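Look at the two complexes coming up: chain A is in both, with chain B in one and chain C in the other.
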Partner chain A sequence: MRPGTIVVEGNSSEVTVTGYGELDLSNAGELGRALRDASETAERLTVDIRPATFIDTAVLEYIARTAANMLNRGKRLRVLTLKDSHPLYVLKTAGFQELVDIVTDDTVVWDGAGYAG
Partner chain B sequence: MSPMTLSFGMEPDMPVKEVAIEFFEGMKDLPRCRKTIEKTAAEMGFTGKDKWGIVSAVFEACVNAITHGWKTPDKYARLTIRLYDDRLEAVVKDHGYGCIPSPEEDMPPPASRRGRGIPLMKKFMDKIEFDSSDGCKVILIKYLHGK
Partner chain C sequence: MADLKRVLVVGDKLGAVETQTLVNAGCVLESVNATAEAAKTLASKHYDIVIIDPADLRFAVDASKAEADEGSRHLSPEIEWQLAIAEVVANCTEANLAYLDSNFNFVWVNQAYAEESGCMKEELIGRNHFDLFPDKENQQIFEMVRSTGQPYTVKEKPFIYELQPERSVTYWNWTLFPIRYGGDPVGTARGFALTLVNVTEDVRIRQEIEQLRENAEYRAAEIETIMSSMTDGVLIIDISGNIIWINQAGRQILGVSRDEPFDDWSSRFPFLGINGKPMSVEETAAYKVLQGEIIQDVSYTITTPDEKEVVLSVSASPVRDASGKIISVISVFRDISERMAFAKKQDDLLKRERRITNMLQQALIPPEVNYNITGCRVAVKYQPALLEAEVGGDFYDVFELGSGKIGILIGDVAGKGLPAAIRVAAARYAIRSYAYLDPSPGRVMTLANEALSKDPGNGHGMLTAFFAVLDVNTKTVTYANGGHEPPVVLTADGEIYEPDLLGRVLGILGGYDYAEATLEMRHGDVFILVTDGITEARPDATALFGKEGIIKYLSENPGASLNEIPDGLLEAARSHAGGSLQDDAAIVAFELVDMVEA
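Right after this comes the complex of A and B.
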């Protein structure tokens, strides 16, 4: 899977948006659009950044916007990360645990080319 | 874009290594910029959260330089990383207009959409200096533990 790839899965009520590799200002626009669209209708929305090895403040901005959209609809965004990862460190340093439900899950590991069990 | 590496002697407080990158292609340079920061920080012995913090902080400064510096006619933006015996020093320079943050610029509330770049730089690095006397220059310093 190419870095910056975004995969959207689910149905109208439950959606997971997964981001792969290094996500930054140069390639995270698609992530932002996918999250914006899903946050308008989904009952339950998860952004899975376990396969992401890096996120910058552009990604934080998209997550913040999405979380605000969900909160306006009385729901909370769920963010799935690896326990010992750059994305989790950045999210916590920026105080996002107050804004979103951060769930750490190491049961699935991305090896750089795709998910490896 | 190809990083230029210059090595120096071990004189007191002289850099033992210097790596420089000019951003000729703007955003397209970002992946190699990030890899250079990470490789250089690792080479000096930074690991784990210290290394992640350096990569994030210096990367944010580079994004700002490309975003603002590329608005000027010469599109000048450059990253220089110097390794000293006790610290890593990154200098990010562009010819944009002004970059002095307000002293009280702290991390915005999580729901804020913008304004996290400089607060994160402050949290991740030991020292940051801004100089807008000739374009914009940001100096980011991280000390090795125990030095």
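Right after this comes the complex of A and C.
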């Protein structure tokens, strides 16, 4: 299984944190730091997990914490996923619909580009 | 008596013995002091033999030629022969020879001189030396020789051809010898013999060698400075195993004072392997490197003179000469005693934490036994994480609430190890405590979430939990879901369905009211709860065991008893994942039974 990679893109007002491959305990901390840093400054923050093949509860926790912090500041975290994907199933099962804006978008098909694992 | 021979001896080169021999042979000897005088004498008289030093021949030739030009006198055949020999010898030598008149004009040069000067002989003769090769310092020396009458010799004197700057600096050994007639006073030299040898190449080679030596010494000093300032120990060992150099850091590490010799180092510093066993000389880094090996970060333990045990990390490489032969060994070593001690301490701490975590988890997770409670039977299965160090966050709980109600809990906290175990403790006892106060699962989850979300300590963090209350009297199960995998129900009729109730994960954000739902249960209906260790069992990223795997197992094993289902499901998930699970996993299955049966 491919270890995951975290990529941060954007500017001071809008940031996208993209997770590639397998997102689990081994890289959840990196994702968490990227989200924490971005959420402190960015007006609009998106977590793009369309290229993620798997996410576990450690990753969910960092997304949830970021979402909760943003909610406390009157903002909402946006999460991009593919339809019928494992990450979307996990998000729904965990009741994240009320914590974040889940946007399913199949228009971008990840072909492995950007994966550095 | 034979006819007398007239012999002219030029100069004082003939010794007394030779003189007497000639007299005895019937010769009549006449002598003159200089070749110039001899030339005049020869012009006026006839001699059978002339004895002259070869060094004086050149003048004799010129003088005799001058006389010959006057047509007043012819040289004897012997003199002609000797002059010819002298000319050949002068032109065969590599030395540059020249004869200058009293004003330093060239009178004669040999072939080597002409070639070295880059001129034809004809271009030199009659020209002034300093017009052709100007040099103020040399001119002063020449004038000094002329005025003092003393010859001058100099070695490796630099000279620059001003008219041929492309030749750069040249170096010469040369002698200027004044030539005077016998009665001439000092300072009235009639001419000068100049002999020069070009030693430019020798000087340059020597200068290059000197430069190389200086560079080498500089580099050596530089390297020594670097090695002396290193915090790592550096030592150089010759092929006999003797330490020939060691830096200060090396001495400090080995506990040897600055001036103490290292002659018997191998016996003074008995090496031990990292396992503490004594090592033979053949096992030491130096010996191995001398055999051609390169040693990288090998650990040894040595005992210093003050009985201190030091753990060294050693890297060593051979030093080879130009032919590739090993001539010495450079060994770089550092004291890693503290690092090793720290690593051991850390390892001990990890082991301790692991022991605490295991004990905590064992205390938190009920024994893996099947419960026979009045009206209800519960079967459980818990599979720890693969790695002992990574105790997982899955948990379950089964407890009687009284009045025929049984609380059944399953959950999963994010993370591993001691922090996860602490969260499990916080979550399990929060839910259990609220359940004793109010057995409404929705209410219990709401209160537990409030408590867990506000905990700033180690108990804080996200978790999923599914809490059900089975009422054996009403034959119902009421449940609330905190972001956990929904259950699967296998009915007594063999129907399989998934009660659809979702809710948010706990421990992140308070202010959330958890919904609850109630199902009627019949005898033979089995309620199955799992953690994601089961549903996310996978051989690769895309082929999850999933809910589909559970349904498939149940469909393919219609006769499986309650006690068999957890074991069977775990085995099916493990098999799907290729033999082992990546995460820990928990399964809880329960069913109603007759009061009497239970």
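Please note the rule applied: the second predicted complex is superposed on the first by the 108 of 117 C-alpha atoms of A that agree within 3 Å, B and C clash if a C-alpha of one lies under 4 Å from a C-alpha of the other, contacts with A are read in each partner's own complex, and residues count from 1 in each chain.
FYI, a contact is a pair of C-beta atoms (placed from the backbone, for glycine too) under 8 Å apart; a residue touches a chain by one contact, two chains touch by 3 or more.
Every value quoted in this text rests on a predicted model; they were computed, and no experiment measured them.
Engineer: Do chain B and chain C fit side by side on chain A after the overlay, or clash?
Structural biologist: Aligned through their shared chain, the two binders clash on chain A.
Engineer: Go through the superposed model and pick first if A:Ser26 touches only chain B, second if only chain C, both, or neither.
Structural biologist: Only chain B is touched by A:Ser26; chain C is not.
Engineer: Contact-wise, after the overlay, does A:Ile102 reach chain B, chain C, both or neither (first, second, both, neither)?
Structural biologist: In the superposed model, A:Ile102 contacts neither chain B nor chain C.
Engineer: In the superposed arrangement, does A:His86 touch chain B (first), chain C (second), both or neither?
Structural biologist: So A:His86 meets both chain B and chain C here.
Engineer: For A:Val8, select first, second, both or neither according to whether it touches chain B, chain C, the two together, or no partner.
Structural biologist: Neither partner.
Engineer: Between 3-11, 255-263, 363-371 or 489-497, work out which stretch of chain C sticks into chain B after superposition.
Structural biologist: 363-371
Engineer: Does any part of chain A touch chain B in one structure and chain C in the other, and if so which residues?
Structural biologist: After superposing on chain A, chain A residues 22, 25, 54, 56-58, 60-61, 64-65, 67-68, 71, 86, 93-96, 98-99 contact both chain B and chain C.
Engineer: Quick check: in the complex, which residue numbers of chain A touch chain B?
Structural biologist: 3, 22, 24-26, 54, 56-58, 60-61, 64-65, 67-68, 71, 86, 89-90, 93-96, 98-100
Engineer: Residues of chain A touching chain C in their complex?
Structural biologist: Interface residues on the chain A side: 1-2, 21-22, 25, 53-54, 56-58, 60-61, 64-65, 67-68, 71, 86, 92-96, 98-99.
Engineer: Applying the document's contact rule, which stretches of chain C touch chain A when the two form their complex?
Structural biologist: Against chain A, the touching part of chain C is residues 393, 412-416, 461-462, 464, 481-486, 502-505, 508-509, 512, 532, 536, 538, 540-542, 544, 583.
Engineer: Considering the complex alone, what residue numbers of chain B touch chain A?
Structural biologist: Counting only chain B, the residues touching chain A are 27-28, 30-31, 34, 49, 52-53, 55-56, 59-60, 63, 67, 107, 109-114, 116-117, 120, 123-124.
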